[in-house]
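Each of the two complexes below includes chain A, the first together with chain B, the second together with chain C.
Here is the complex of A and B:
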């Protein structure tokens, strides 16, 4: 079992342009982050909110995940090459080639431990959580700062195409972080990611044994009808709904988990799907 | 303990005996590639997998990944299917290969049509491999610059230790893309002629392509002479563009790797250096080794043979090392003479006779990424 010791939420639904985060970051941290792009600023903002006033041990690991990474920089580089025959700026090139966001988060929090950027075709947040869960259980890490960062880009049609979502999908952006630890003392909640994808029959078996008042939440990949069907089949469960609105982004499950911590006491099962199988994460904050 | 069952590699060195002969004889010659975005379109050396198809590298990614996986699985499972509970761990400096073509088409005003898998972006190729080979274990794609595929390897070992999976397919991927060559050329990090690791006349790196695959399992599932003993990955916050030339971050990760693997420096048979031929990078690496070791072990660089394969170098160089030792030698490091006058210890000058032992493998990259790990080959 692993424990959540803190959470940080940054979640917005831009309409026309990316919000200017540099000023918000300066207000919050008192620092100016040169040579950073929107994606990096998003990452620092969320991580800063999760760390709060804590001084984290230097060896704290950073596991950063995202569906598309710094897609606005990559798109800009492609545009500059195709339309203007321009070379990439060195800073853009470095940020493109590596997990620079993780580097800047590490610099901001003075951390020199393991620092990963990982992703997955369907479940980036859950797979990053699984990697952290393994390292904490093995004792390879004592503390992991795990963040999901996805940015909104103005070229909405392009973004929807790449994400494979319908033209009516409202996209959002987020930087949601959890401070994870293998120790229970002072923890806010337990969290567990089921390491294997579940078939519909295995999911049904699991949900049928869910204790009364277990909250369920379904990822954006479920439509209303599917969610209603689940809730009818498992009347002992109730549907959790975050108070804060959010658009579609691929690391959204971390927003949901953090929102539950902020709003509720109890047990939550987060259910996501790749269209065929299911991935679940359970969180409980009523027994600590 | 984690067994390394075998590996496959596509690189400029060809395959099988041809590859071993090149390593044994210290022979490897890069192709050249033009940087078309520069006004004078300069040519740079580049170690290419196949110089006949350089126009559309991204179109070959799935084919290359499938080829190395098929070869590996057919050798390891004798033609039967791999167990479904096999995880896939892929490392590359570019998680955006799959994004390139659709983005370019949209920028050009074209409709990319229905995208394969309905979505592109992070994790796309790992998912394609999972589907192609009927694998259902977890998968992760790593983007930590030049340490990407070795970090994938080390996390795959952790996933096995946790008994989440029974087998792990680890893959490294690096193919030439115009933006990669342009970026390095712009930063003046490319050598115009020869890659000279730790040499006095070193003048930059030469890039290379590599697609590799390694199969891991727990030793209680299947045994092998090759084992992963341990390692460490750290973030050095000196600069986003490279390691501290003083070597502090590199020394730290080397020490932690030795500690994790419970190996003393004197037990190391040899050390595979990162050895890029970059002026500051080689300086940082040498300073790091000097700080971490009283006596620097015999060390060598494989980059003069296949180039710097960036995010793919972790696994590609691991496979080359295993192949060399399986063939009884550690290759000399070409072009390292004359040694940089600041350095006291030269890389391996002539092939070493080695059939087994403990080997440290070091990798360092942009974004403060430093990784070191230790493998062992027991006596055959």
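Here is the complex of A and C:
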């Protein structure tokens, strides 16, 4: 079990264009970040909100994850090369490197600990949490600032195709961060990632023993019918619904966990699926 | 027309540098034609990564390829020098 000490939510559902974050970032931090793009600005914004007014220990590790990474710059570079035969801008090229956003977050918060970028085909947020959980439990890290960053791009058809979601899916963007620690003192909640994928029968067993009033939330990969089916089968559980609207993005589970922390007291089970098996994260903030 | 006499070209170069190096707080008119771009006297405060950005932008926007850092230092000194390099012409 590991402990959440702070959370930062930045979640939006753009309609036509990416919001201009440079101004928001400047207002919030008082700094101008030259050579940053939307993805990096998103990362700094979310991390800044999670850190709040705290001065984090310099050795705090950064574990950053994303479903699609810096997709707007990636598509721009591909088009420049393949369609227009232009050289990529050096800054774009540098910012595409997987951990450039992590570098800017570390620089903003004056951290010089481990800086890790976690990627996974189906469960990027959960795998980053699992990596943090393992490292904190084993004493490899004392504190981890973990963030999931996904950006919205105007080319919605392309984004939906890359994400493998239906044409009607409303997409969003977010930068959601948790400050994790192995120590309980002053913690807001506990969080635990089940390290193995569960079959449907194992999931059924877990849910049938869930205490009364346990909140459940299902990832966007479940359709409404599937969610209704689960809720009928486990009437002792209630469905959690974040107050803030959000569109789909792959690191959305971190938004859900942070929203629960903000809204509720109790126990939450976050359920995600790759279509065959289930990935579980539990959060509890009523026992501390 | 020689580049250094072509006001439109020089404005285009200044605008390009401002955009590529994200120096939007500086107006093109504030960049003097004969001040060294990479010097303490320049308001632009450019560094080596800015040089790389400018080099690629020159290739993409003007079709001018600067093969190495030595050539860059020789031709991208001031706005006038750069304009003449792009558009040698005759005065």
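Note that in this section the second predicted complex is superposed on the first by the 287 of 288 C-alpha atoms of A that agree within 3 Å, B and C clash if a C-alpha of one lies under 4 Å from a C-alpha of the other, contacts with A are read in each partner's own complex, and residues count from 1 in each chain.
The criterion applied here is as follows: a residue touches a chain if its C-beta (ideal position, glycine included) is under 8 Å from a C-beta of that chain, and two chains touch if they have at least 3 such contacts.
All values derive from a computational prediction rather than experimental measurement.
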Identify which of chain B and chain C touches the larger number of residues of chain A.
B
In the overlaid three-chain picture, which partner chain does A:188 touch, first (chain B) or second (chain C), both, or neither?
neither
Answer with first, second, both or neither: which of chain B and chain C does A:67 touch in the superposed model?
first
Just to be sure I read the superposition right, which of the two partners does A:90 touch: chain B = first, chain C = second, or both, or neither?
both
Touching partner for A:106 - first (chain B), second (chain C), both, neither
first
For A:227, decide between first (touching chain B), second (touching chain C), both and neither.
neither
Could you tell me if A:34 is touching chain B, chain C, both of them or neither one (first, second, both, neither)?
second
Touching both chain C and chain B, counted on chain A across the two superposed complexes
35, 86-88, 90, 94
In the complex, the residues of chain A that touch chain B are 35, 62, 66-69, 71, 74-75, 77-79, 81-83, 85-88, 90, 93-100, 102-104, 106-107, 110-122, 124, 127-128, 130-131, 134-135, 137-138, 140, 155, 157-158, 161-164, 195-197, 250
Please name which positions on chain B make contact with chain A in the complex.
37-38, 85, 93-96, 99-100, 102-104, 106-108, 112, 115, 117-124, 126-127, 136-145, 151, 155, 158-159, 161-162, 164, 178-180, 182-184, 186-187, 232-237, 240-241, 249, 252, 310, 365-369
Footprint of chain A on chain C - complex, ascending:
20, 22, 49, 52-53, 56-57, 59-60
Of chain A, residues touching chain C in the complex:
34-35, 86-91, 94
